[in-house]
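Heads up, the next two complexes both have chain A, just with different partners, chain B and then chain C.
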Partner chain A sequence: MPDFIAEWLNENDIFTTMTLMEYWGGMVTTVQLVFLSLVIGLVIAVPLAILRTVRNPFVSGPIWLYTYLFRGTPLLIQLYIIYYGVAQIPGIHETFWWAIFREPFYPALLAFTLNTAAYTTEILRGAIIATPNGEIEAAKAYGMNWLLRMRRIILPNAARRAVQAYSNEVIFMLHASAIASVVTIIDLTGAARNIYSRFYAPFEAFIFVALLYMVLTFMLVFAFRKLENHLLRHQRPANS
Partner chain B sequence: MKKLIVAASCALAMIAGTAQAQDRNLRVAFDIPYEPFEYRDENGELTGFEVELATAMCEELSANCEFVIQAWDGMIPGLLARKFDIIMSSMSITPERAERVLFSEPYYITPGGWFGPESFNTDVTDMDAMKGKNVGVQRGTTMDTYVTENMGGVVSIKRYTTAEDMVLDLEGQRLDAVFVDYPVGEQTILNRDGYKEVGESVKLGEGVGVAMRKRDADLAEDINAALKKLKEDGTYDAIMEKYFSYDIKI
Partner chain C sequence: MLDLKGYGPALAEGAVVTIELAFLSLALALTLGLLGASAKLSGNRVLTGVATAYTTLIRGVPDLVMMLLFYYGGQVAVNALSDYLWETRQIDFFFQFDPFISGVVTIGLIFGAYMTETFRGAFLAVDVGQIEAARAYGFSRWHTFRRIMIPQMLRHALPGIGNNWQVLLKTTALVSIIGLTDMVRVAEEAAKAERMPFHFFIPVAAVYLLLTAGSELFIKWLDKRANVGVVRGN
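Here is the complex of A and B:
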């Protein structure tokens, strides 16, 4: 950073280069945590959503139970149970798992992933069962088997129906990630809490972090609008 | 006659005035659990050194005191937002805090203590040996400031909102050592098997004071007088001996 900018920044008490770097570190952690949990969650959710629509209760039942458990309890409680729970498992400290779960990042990633996967499964399932019968019948009439129908007809259209609800889930996940700071992760909120407790300036510390979250949200909203325009271009009026 | 009535009503007004001043309502904020300063006993009653001292102080002030529970993070904002009138929750006097609130004279001081598992044999003052160790502190405490300033780039500092969460992570082997208010460590860590003091305790700061809003200068004066009296007449010592085996008086 050029010296004159650093000098200018260091003139005020709170937003010095040091605290801004702390916010930046927090932003990187938040983005990593949210991005990874969303990607892994989505990858898990697609097959689960398909299996959840299967008639066999031995297949759909366990998935129903999983989504019910993770949607029926607060994310904070899930995080506490996973973070403190794994450390209490007898013998875990001697296994290689401990190297992973010792750091707060991975228990938090696990909790967030399982949580968002549960919500995404239900969003996708809703979109899949809303497939009009006519589309499925037409595909059958063309001789498509189940796999081909799923791949060519049902999933692409389900994705179109799900994208708006899913964009909400993504934004909720970004905001829900604020609770990562309770397990010592210095995410955006963690950085704000540290800076607040150092300067006793709650408004400065938290309003600044709120603005950062808003910038991230704005970027997400923008990206999803582009995606919606792309996926739903067939629904646009002809002359627009 | 008229003069007499005026004089009498003046006197009455004065009596009423003083009576009103004595009938003071105070809402006192604590962050629990913070043993042995403020916590709930097995019956769910609020108790502890500061709770008893606050009770004695309120009696001395002849004030009606109401005890409010407030999480540490929201202490000063809550005070400024008039959710309560004074904080007696082990708030150490620091220049940064003194810019926002008014402190009474300190009423106790305790050192910060180093605690860790039996297996921890590193000298906590040896920065080379401490490199990369996970050290737990409570966020925003004087212990946090000390570790941040003196060991910032050396150890990995984990900040916790409550002492309980921190002890849980010490037990879970996520932390190598914690630097915490000595009495808290004594109550929550030393009484477990397999844990010990791992370093020399450090006296930090100016002690703990009652925090109030800046405008309540009159109240601060009365509180200082009340605390002084309690320290002198033995009440303070009696309460202190109930909770501590060592001296925390200042």
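Here is the complex of A and C:
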């Protein structure tokens, strides 16, 4: 560690090794929560997006309703309903689910997953229905059946079209995850709130955590830009 | 009929607070967005830099963290200022930094950044010929801006403003965390006291749904009106 940093750490009362470890623990929780909910949400969203494009209203209707409800209400309320609600389900205290849902982490994970899955479903649906008709006709002319068309033609191209909107959703989720601190989870924001109340130092506690979020955000932006360049490399002008 | 266990009036008052908060934040956001977009397109390096720094910073930080910073930090700053004024000039100055003000400021600042991008795109979508024509008629820069740019840019900005408004409306729920008695806060207290989370949160969620659905219809109507003179190719 360079001397001036060591000196600065010795001089101030707030950024001690202990509080820095608290922030680090919060960062791990935030990353876990966001990463898991995004991955599970994406896994749920792909089949839902495909089914949402089906003409049969009995198939697409319920999925429309699900995405409409979750996109039309604040995530905070969804979190409260799940967090306070699971404890009220009759008989849950006797099942093994209670051991899981007693921890605030899992209700929060469930709320975040359902929320991001709803947004991702709509993003993917938009990308799927934007498939040029010619691509589908060509695939049909090659004798591909529905499944093969979906797998080889529609989904890969839809993924290219969706990646930009999805990167916004990922960043939105990272920022939205700050509300996990409301249900007593010590994520990054939770750590900052603890440190604020211990030292009554709002600027140090919250500006530091804002910087950490900013670093995470810009890392994600950078990674998605790389991914986008990779996925859209066939569209790059020839001499660049 | 829905029995709200006597919390009905409090919830209704909370809903009014939510709507007031949303509209005031929207007004601030639109103002900041217009200023930000004008700064970005001004061609002045300093102004462009300031506006770019503003939009970049805002997009990197969660709304809740910013709100906590303004709420707790705002009070500390006011206290420090009031101490300073009293000690140096014997001026008795103090005000309470309440959750409502913090909420309006934070949400306004955040959505001001998004509105900046919306307005910037909309200004760029105005035909250059229109601006040249205005200049040729001897309109000053300010006149061109007010009479030509703003009316023509609004049509392009409307869908973006609509989207931002929908997100803004849902963001207002966060202000309950710093203690504003909006409908989310009332529902939370009622749900805890009565141990009936579904009973209180689902009606509140329904009010949000009603607000977002209503705004969607209104924005569609506005959009139709704004595009009345536009011939759409198929």
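Just so it is clear, the second predicted complex is superposed on the first by the 231 of 240 C-alpha atoms of A that agree within 3 Å, B and C clash if a C-alpha of one lies under 4 Å from a C-alpha of the other, contacts with A are read in each partner's own complex, and residues count from 1 in each chain.
Keep this in mind: a residue touches a chain if its C-beta (ideal position, glycine included) is under 8 Å from a C-beta of that chain, and two chains touch if they have at least 3 such contacts.
These numbers come from a predicted model, not from an experiment.
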Chain C versus chain B on the shared chain A, clash or fit after superposition: clash
First, second, both or neither for A:Phe218, with chain B first and chain C second: second
Per-residue touch tally on chain A - higher for chain B or for chain C: C
First, second, both or neither for A:Arg102, with chain B first and chain C second: first
First (chain B), second (chain C), both or neither touched by A:Val209: second
Which of chain B and chain C A:Gln164 touches, first, second, both or neither: neither
Touched partner set for A:Asn229, first chain B, second chain C, both or neither: neither
Touched partner set for A:Asn194, first chain B, second chain C, both or neither: first
Which superposed partner A:Tyr84 touches (first chain B, second chain C, both, neither): both
Partner chain in contact with A:Val182 - chain B first, chain C second, else both or neither: both
Shared contact residues on chain A - chain B and chain C: 84, 88, 182, 193, 196, 200, 202
In the complex, chain B residues that touch chain A: 73, 76-77, 96-97, 99-100, 139-140, 144-145, 148, 158-161, 165, 168-169, 171-174
Residues of chain A touching chain B in the complex: 84, 87-88, 93, 98, 102, 104, 182, 184, 190, 193-194, 196-200, 202
Chain A-facing residues of chain C, complex: 57, 59-66, 68-69, 72-73, 75-76, 170-174, 176-177, 184, 187-188, 191-192, 195-198, 201-202, 204-205, 208-209, 212-213
Footprint of chain C on chain A - complex, ascending: 69, 72-78, 80-81, 84-85, 88, 171, 174-179, 181-182, 189, 192-193, 196, 200, 202-203, 206-207, 209-210, 213-214, 217-218
